[in-house]
Amino acid sequence: MNAKTLSRLVVYTVLGVAAFFFLAPLYVMLVTSFKDAEQIRSGNLLSLPHGLNFESWTLAWSTACTGVDCRGLKPYFMNSVMMAVPAVLISTAWGAVNGYVLSMWKFRGSDLLFGFILFGVFMPFQVVLLPMSQVLGFLGLSSSIAGLVLVHCLAGMAGTTLFFRNYYTAIPRELVNAARMDGAGFWRIFVRIVIPMSTPILMVTLIWQFTNIWNDFLFGVAFSGADSKPITVGLNNMANTTSSVKSYNVDMAAAIIAGLPTMLVYVLAGQYFVKGLTAGAVKG
Amino acid sequence: MKSFENVLPKLVIAPGFVLGFAFIYGLMIWNGVLSVTNSRMLPNYDEFVGLEQYVQLWDMDRWYVALRNLGLFSVLYVGGSMLIGMVLAIFLDQKIRFEGVIRTIYLYPMALSFIVTGTAWKWILNPSLGLEKLMHDIGWASFSFDWLVQSDTAIYCVVIAGIWQSAGFAMALFLAGLRGIDDSIIKAAQIDGASLPRIYWRIILPVLRPVVFSTILVLSHLSIKAFDLVMALTAGGPGYASDVPATFMFTMSFTRGQIGLGAASATMMLAMVAAIVVPYLYSELRSKPHER
Amino acid sequence: MAASLHIAGIRKVYGKGDKAVEVLKKIEIDVAPGEFLILVGPSGCGKSTLLNIIAGLEDPTEGELKIAGKNVIGVAPAQRDIAMVFQSYALYPTMSVADNIGFALEMRKVPLEVRTKRIQEVAVMLQIEHLLDRRPAQLSGGQRQRVAMGRALARDPQLFLFDEPLSNLDAKLRVEMRAEIKRLHLISGITTVYVTHDQIEAMTLGSRIAVMKDGILQQIGTPDDIYRRPANTYVAGFIGSPTMNFIAGSASGSGATALFSFEGGALQLPCPTSGKVTLGQRPEHIHLVEEAAWRGEVTLVEPTGADTYVVVKTGVGLVTVRTPPSTQVKIGDNVGMTVSSNHNNWFDAQTGLRLG
Amino acid sequence: GEVEVLHWWTSGGEAKSVGELKKIMQGKGHTWKDFAVAGGGGDNAMTVLKSRVVAGNPPAAAQIKGPAIQEWASEGVLANLDATAKAEKWDNLLPKVVADVMKYKGNYVAAPVNVHRVNWMWANSAVLKKAGVATAPKTWDEFFAAAEKVKKIGLIPVAHGGQNWQDFTTFEDVVLGVGGAKFYQDALIKLDQKALTSPTMTKSLETYRKIKSYTDPASPGRDWNLATAMVIQEKAAFQFMGDWAKGEFTAAGKVPGKDYICAAAPGTANAYTFNVDSFAMFKLKDPVAQKAQADLAAAIMGPEFQEVFNLNKGSIPVRLNMDMAKFDDCAKLSSKDFVDTAKSGGLLPSIAHGMAVKPAAEGAIKDAVSQFWNDDKISVADGVKNIAKAAATK
Amino acid sequence: MAASLHIAGIRKVYGKGDKAVEVLKKIEIDVAPGEFLILVGPSGCGKSTLLNIIAGLEDPTEGELKIAGKNVIGVAPAQRDIAMVFQSYALYPTMSVADNIGFALEMRKVPLEVRTKRIQEVAVMLQIEHLLDRRPAQLSGGQRQRVAMGRALARDPQLFLFDEPLSNLDAKLRVEMRAEIKRLHLISGITTVYVTHDQIEAMTLGSRIAVMKDGILQQIGTPDDIYRRPANTYVAGFIGSPTMNFIAGSASGSGATALFSFEGGALQLPCPTSGKVTLGQRPEHIHLVEEAAWRGEVTLVEPTGADTYVVVKTGVGLVTVRTPPSTQVKIGDNVGMTVSSNHNNWFDAQTGLRLG
C-alpha cells in the first residue's frame, strides 16, 4: 500500500516537473505581455505583472508599426487565415483522395509510386525556394495568397497522402467489396463509406496541416507580396524591428497572438490528435 | 464497364502525382544542376564548373562545423525527445487524473512555431536577462548558465529548445502506441509473474518498436531540416558555432550569393535524408498492408 | 498440489453512481481440490470478470476469495500461482511461440534446460512443435489459441483458469484438444475453472457446471444434474441442443396419475403438483408415434447425419423431436407424439423454478 | 503609378525616414507600397528579393548596396537610371567613389540615399567622467587604459552586440587603427595574402581579442541598438558602431558633445569607412510604373529628402554641397571628414557593411573573424590563417 | 428469378513465379436454378476466394463463370445482381443498422418508402427491429451477423452468397436463424451458395454439399450422399462429429461373406473387394455388446446429455462409440464391439478412395 502511494507520488512529481518545463516559455510570454516596460526592467522573468495591462495586446494587434505600416498584426492575421483555410482544406482533401486510391484501389506500381511521393515528405524545403518562385511567376501567382496556397498544397500533399494511406490500409477491404456488391461506384464508396470513417485521421491531418501552414515562415517570407504576408512574417518584422528600448511586452503579445489559433486548435482538438494517432495514423 | 472502374482511380490521382513529381523530383534535379554551375546571385546555367562547388564545400570549416552540429544535435535531440516522450507517455498511461490537461500542456509546443517562441527562449536562455539573472535575483549568485553565448555550448541550447518542442509529440505517439496495446497482454504478463518494470521492458517496449522506429524517423528528419529553430534561437551564432546544414545552405544561397555552393550543400542534405528515408520506404512498401 | 477455491459473496460493480453496473451479484462457489468446474452462461453474464477476479487482475467490490484456504484479496496476481488462458489469447506479439510458452517459467527463474524441455513437451502435446519459432502474427486463429493453452500448461500452478480456450478450433481439433485437456486434468489433478459456451465441452469436461446469467449463479451441479434436473427454465433451455421443448399447460392432480392438459393435447404423466405448470421435454425424449392424441404438422425435417430433427407445429408452438435418420416423415405430415414418462421436467409456470 | 519598395528599415528612426520618402512620392501623385522585411540585417529581405526577381515580379526598388549592386546588375535585372541622373546632374553631386558604386558599366542603376561613417566610437560622457577618463581615447593604448578605468568602477567598458557584422565593424576599426588606410586597403579590400598574413595583421588580432575582454558575456545575439542602449543608459562606456547609433541617442533625447561623445575609432581619425545605402531600381514593364520609378530615383537624390532622411537616420547626405546647418556636431564632423578623406585617400568602403568585397568572400571573412571573436580558444596565429584562407574564397 | 450458376475450370493463383500459390485448382460446379449449395472445407481451402470470384470481387486466373447462362467474367460486381454476406460482416461502421440494410437499395434508386418498408420487414424477420437506429459498434457479434444477413436479404438478387453467416451466433439463435434461412429459401427460391464449417448447418440447409480441400473439390452431392457415401477418407472424416472411425485391415474374399480382419479383431462383413482396405464406421453404427471377438478397453466416457460417447482403445487405435446416456460402462472396462452390417464405408487403403 505504501509502495503504491510512493510510486504515485513519483509519477505525479515527474509529470508536474515536466509540465512546468513545457509551460515555462508560455508563462514567460504571458506575464511579460501584461507588464509595462518599467516592470520588465525591474522585475524578473517569472514575477507576476502588477495588473492586467492589455495595452501591449492592443498595440500588437492593431497599431504597432513595421516600417511605415502601423496596422499591427491584424492585416497579417487576416492574410494567414485566408491562406491557411483553403490550403489546409485542399491539401487534406487531396491527401484523402490519394490515400483512398493508394490503399483501396491499388494497381500495379501504385506502391512504388507512393514510395516516390513519400520521399517528398522528407525533402528540405529550402531547396525549392528559387525554382518555386520561378514557377509561381510563370503561373502569374507570385506574391499572391493563391500562390502561397498552391505551394502549401504541393508541399503538404506527400504528408497528407501518407497519413490517409496508412489509415485506410487498416480498413478492411471487405467493406469496399460489400459496397461494390451493393452497387456503389468509386466516388460513392469514397463519399458514403470511407469519408464517414475518416474522422480520426481527418482531425490529425487537419491539425497537422494547419499547424504547419500557419506557422510557416520560409514560404511566407519568400513567396508573399507586400499585402499577402502571413502572420509569421508580420511577427518577425515586429520582433526583429530594432528600436532602442525593445518592447518585449509587445513582442510577447504579438507572439501569443500569432500562436493563438494553433494553440487553440491543440487545446480544443488535442484529444482527437492522440485518438487519431491511436487509430493508426502513424504506423511503423 | 470494368475497364472504367479500373482506370478511374488512376485518372483521379494522376494530376496530383504529376504535380507532386514535378515539385519533388523536378526541383531536386534543378538543384543538382545548379550545384554544378557557378551560380552566384541568381541561378545561372551557363557556367559549368563540374564538382568544384562540392570540392569547395568539403574544404570549408563552416561546413564541418555544421555537420558536427547536426550530428550532435540529431543524437541529443532525437534521443532526448524520445526518452522524455517515452517516460511521460508511460507515466501518463497510469490512469492519471487530469490526463487531458497535462497532455495538452505537453503537446502545445508543437503548435507553436519557433518564430513565435524563439523570442521567449532567447530571453530565458540569455544570461543577462533570463534564467541566470533569475537565479541571481533570488540569491543564488554563483549560478551560471551561459550556454547560449558560448561557442561550444550554444548548440546545446538549440537541443533544449528542440526537445521542448518535440518531446510532447513523441509522447503523443508513444501514448497512442500504448493505448493500442491489448490490455490482456499486460494481464497475462502479470499472471506469468512479471513485475511492472519487467512488463514494460520485455513486453510493451518490444510491441512499441514500430512506433519507436517511426518516431525516430520523424524526429531525425525534423532534425536535418531544423531551420526555424536555429534561426530563431542563435541564427547560427555565436559566429557560426551553431550552424547546421539547413542554415548553412540558406546563408550561402540567399545571403552570400553563392547559390551554386548552397545547391551543393542541399544535395548533401538530400543525400543524408535519403540515407534515412530509403530504408524506411523499403520496409514500408514491402510490408503487405492486408497482412497486418 | 491441488488447491481448493472458495468464492463467497463476490460482487463486482463497474462505474459509480448512476452509471454503476453490477456485473457479479453475490457469487458463491466452492471448488474442491482437484475439481474441474465449468462456467457457462450467455455472453456478457460476467464469466470473464469472475475469472479475472480469481486471478487477481481485478479487485472484487465486495466478498471473500480463498485459494487453498488462504485469503488472497489484495495479493498480487503473480503471487497467487495461477495459470490462465485468456479469451483473446493475449499472446506477446513480439516473442516467438517458444518464448511465449516459456515466459512464465523464465519469470520464475526456471533454468534454461528445464524450460526448453518443458516447452518442447507442451508443444508436442498441442501439436505445435513446428510453430515454435514463429511469431503470433504468423499463426492462424486456432494455432494462436493452442499457444495460449501452452502458456498455461507449461506451468504447474495451484489453479488453472481457462477462458473459452477452444472456441476458435475446428470441430475435429476441438474434439482432440478436449480429450487432451481431460487427460491432463486426470493426470495432474490441478483444480480448474473453465469457461466455455460449447455445450459438449461443458458436459464432457466438467466435474461440475455452474450456470450464470446476468451476474447471478443459476445453478451449480454435475453435468448430469444440470442436464437432467435443470433448476429453472433458463438453465433447462440454455443447456442442450436443440433446446428443450417447453409446453405450458395445467396439471390436474399430482403424482403418477396427474393429467397434464395443454392447448391441443393432454398427457397422462407423473407430476409433482397441480395447477399451472410448464413441462420441459428434450427432443430425444419425445417420440413420433402413429396414433396419439397429441398431434401436429411437420414444418421442418432436418437430417444432421447421425440424427434427424423433426419440427412439429402444435397448439403450444413448435416442438422439436429427435428421430433416427431412417425416419420417413416429410414436411406437411400430420404426426402424433408421446413423451417418455421418466424424463419429465416440471417448472412453475410463474417463476420458472423446477418443481419436485 | 505605384512603387513597391523593398527595404528593411523598420526601426524607429529608419522607419520615420522611409516615411518621408513615402510622403514625397505621394506628393508627386504616386502610391507607395511598402514592402518591409525585417530581420537578419537584410538577410530575409534578400531572400524575398531573389524570390521575387526569379519569379519575374520584382519590386520597383530595393534596398541594395555595395558590390551587390554590380552583381544584380550583371544579372541584367536592374533598370538604367541615366536619364534621371543626367537631368538631376548626379555626376556633379556625388563623389566619384560613391558614384562608381551606383554604376554598372558606366550606367547608373541605383540611387544613393546617404553616407554612413562606420568607424565611429560612441562614448557616454557621464560614465567617462565617473571613471575618470578625461577625453575620448585617440589610440588603442589610450583606449585600453580608459577601458580599464571603466571596468574598475564596475561598468561594462565596451557594449557589443552579437551579429557577425558587429564583430566585423569592430575588427575593421582595429585593422584601420592598427594598420592604417593603406594596410586596410591591401588586406581587406584587395584581399592581398601578403598583407593578410603580415605581422600587422597579427597585431590587429591581438588588439581585437583584447577588446573582447572588455565586453560583457551576454553580447552574442544582442542587437546593436540594445548595445547602444547600454551606453545611453550608462551601463557601458563605449561602443564601436556606425553613425546610425546616433539615431538611438537622439531618440533618447541625448545631446552630442554633452551627454555622449562621437569620435573616430582609436587611430582612425584620418580615415573614413563609409557605408552608403542605396536603392537599386528594377526593370519594370509598365510605363506608368517606370515613370514613378524615375520620380522615386529623383526624389531620393533630391536635397529635400536627403536632408530629412539623414536628419532622422543619423547619417549625412550623400549629395555634396548640402547645407549642413540643421545637422548636429557629429554629422558635421562626419561631413567634413567625408570631403577631406575623399581627397586624401582615406575614404574607404566598409567591409562590414558589404561595401567592398563580393558577398561570398565577405561572408567567409566575416565567418572567420566572428569565429575568432567568439571562440577564445582559437590562437591569434590560427586566426590569421583562417582569415587569410577565407579571403581566398571566390 | 432463380438463376443457374456455372463454374467451369476456375483456377486462382496468388502471387507470381516462385511465390505463386494456387488457391483454387480447376473447380467445376454446376448449380441449378433455385438450388442451395453448401461449400465446406477446412480453413484456408479457398471457400471465400471462390465466393469472391463468383461475386466479381476478384478475377479468376483462368476458367469460365456463367450466371443465368450469361458469361460474367469481366462484369463489375454491381452489375451481377448478387447479394453477399461477408465472413467478417463488413458492416458500414458509420451508418445505422437501418442504413446498412438499405444502402444497396438506395444505390439501386429504390424509393424511400419502399426502402423503409423493406428494411422493416427484414428487421422483423431477423429479430433486430429494436436495433435499427444503432451503429454496428453498439451491437454484439451475433447481432452484427444478423445485420449482415439483413443487408443481403433486403435485396432480391439473382444469387445469394453467404460466407459463414451464422458462425458467431449462440447455439439457440443459430438454430432459429438456420430455420429462417431455410424458410426464406423455400419461399423465394433464389439460388444460393453458402459457406459454413458447421456440420449441422451443412447437413440441414443444403440441397447439395461441395466439400473442398486445398483448392480441390473433393466431392459434391446431397447431404445424405456425403454423409452416407463419402467419396474418400478425407470427406468421410471431415463430415460428422465425432468423426468417423477408420479401421485399417485386410479383407479376404469379397461380397456378403468377406472376412475383414485387422489388428485385434475380425468382422464378417459384406465387402466390395479383397485385399488391404480401410473400414469407415461412424460412432452411431458401432455398438457395445457383452460378447464379441473385437474388444478393447474404455479410455474415456463422455456424456453429452443426449448421448454418451465411449472411446475404446483397440488394436487399431481409438474407436468412438455412441451410446445412450443410460450406458453403464466405465473407464477401464473391457468391452466388445460390433458394427451394423448396412452402414459400412470401404476405402482403398492406399488411395483413400471409396470402394463400391
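Labels for the chains are A, B, C, D and E, by order of writing; each one numbers its residues from 1.
Throughout what follows, a contact is a pair of C-beta atoms (placed from the backbone, for glycine too) under 8 Å apart; a residue touches a chain by one contact, two chains touch by 3 or more.
As the structure is a computational prediction, the values presented were derived from the model and not from experiment.
Chains that count as touching both chain B and chain D, per the definition above, are A. Chains A-B form the pair joined by the most contacting C-beta pairs.
A straight line joining the Cα centres of chain B and chain E is 57 Å long.
The distance from the centre of chain C to the centre of chain E, each centre being the mean of the chain's C-alpha atoms, comes to 25 Å.
Between chain A and chain D, the centres computed from C-alpha atoms are 39 Å apart. Annotation for chain D: residues 40, 47, 50, 54 touch two or more other chains. In chain E, the residues that touch at least two other chains are 76.
In chain A, the residues that reach two or more other chains under the touch definition are 129-131, 185, 236. Considering their complex, residues 40-44, 56, 60-62, 122, 126-129, 146, 148-149, 151-152, 154, 234-235, 237-241, 250-252, 254-258, 261 of chain B touch chain D.
The touching residues of chain E, when paired with chain A in their complex, are 52, 55-57, 76-78, 82-84, 86-95, 103-104, 107-108, 151.
Residue ranges of chain B in contact with chain A, taken from their complex: 5-6, 8-10, 12-13, 16-17, 19-21, 23-28, 30-31, 43, 84, 87-88, 91-92, 94, 96, 100, 102-113, 115-117, 119-121, 123-124, 129-131, 133-134, 137-138, 164, 167-168, 172-173, 175-176, 179-180, 209-214, 218, 221, 224-225, 227-228, 246, 249-250, 253-254, 259, 263, 266, 269-270, 273-274, 276-277, 281, 284-285, 289-290, 292.
Those residues of chain E that touch chain C in the shared complex are 42-44, 140-142, 170-172, 175, 179, 182, 197, 199-200, 203-204, 223-224, 227, 237-243, 282-284, 300, 302-306, 309, 311, 322. Across the interface of their complex, chain E is touched by residues 172, 174-175, 177-185, 188, 192-193, 196-197 of chain A.
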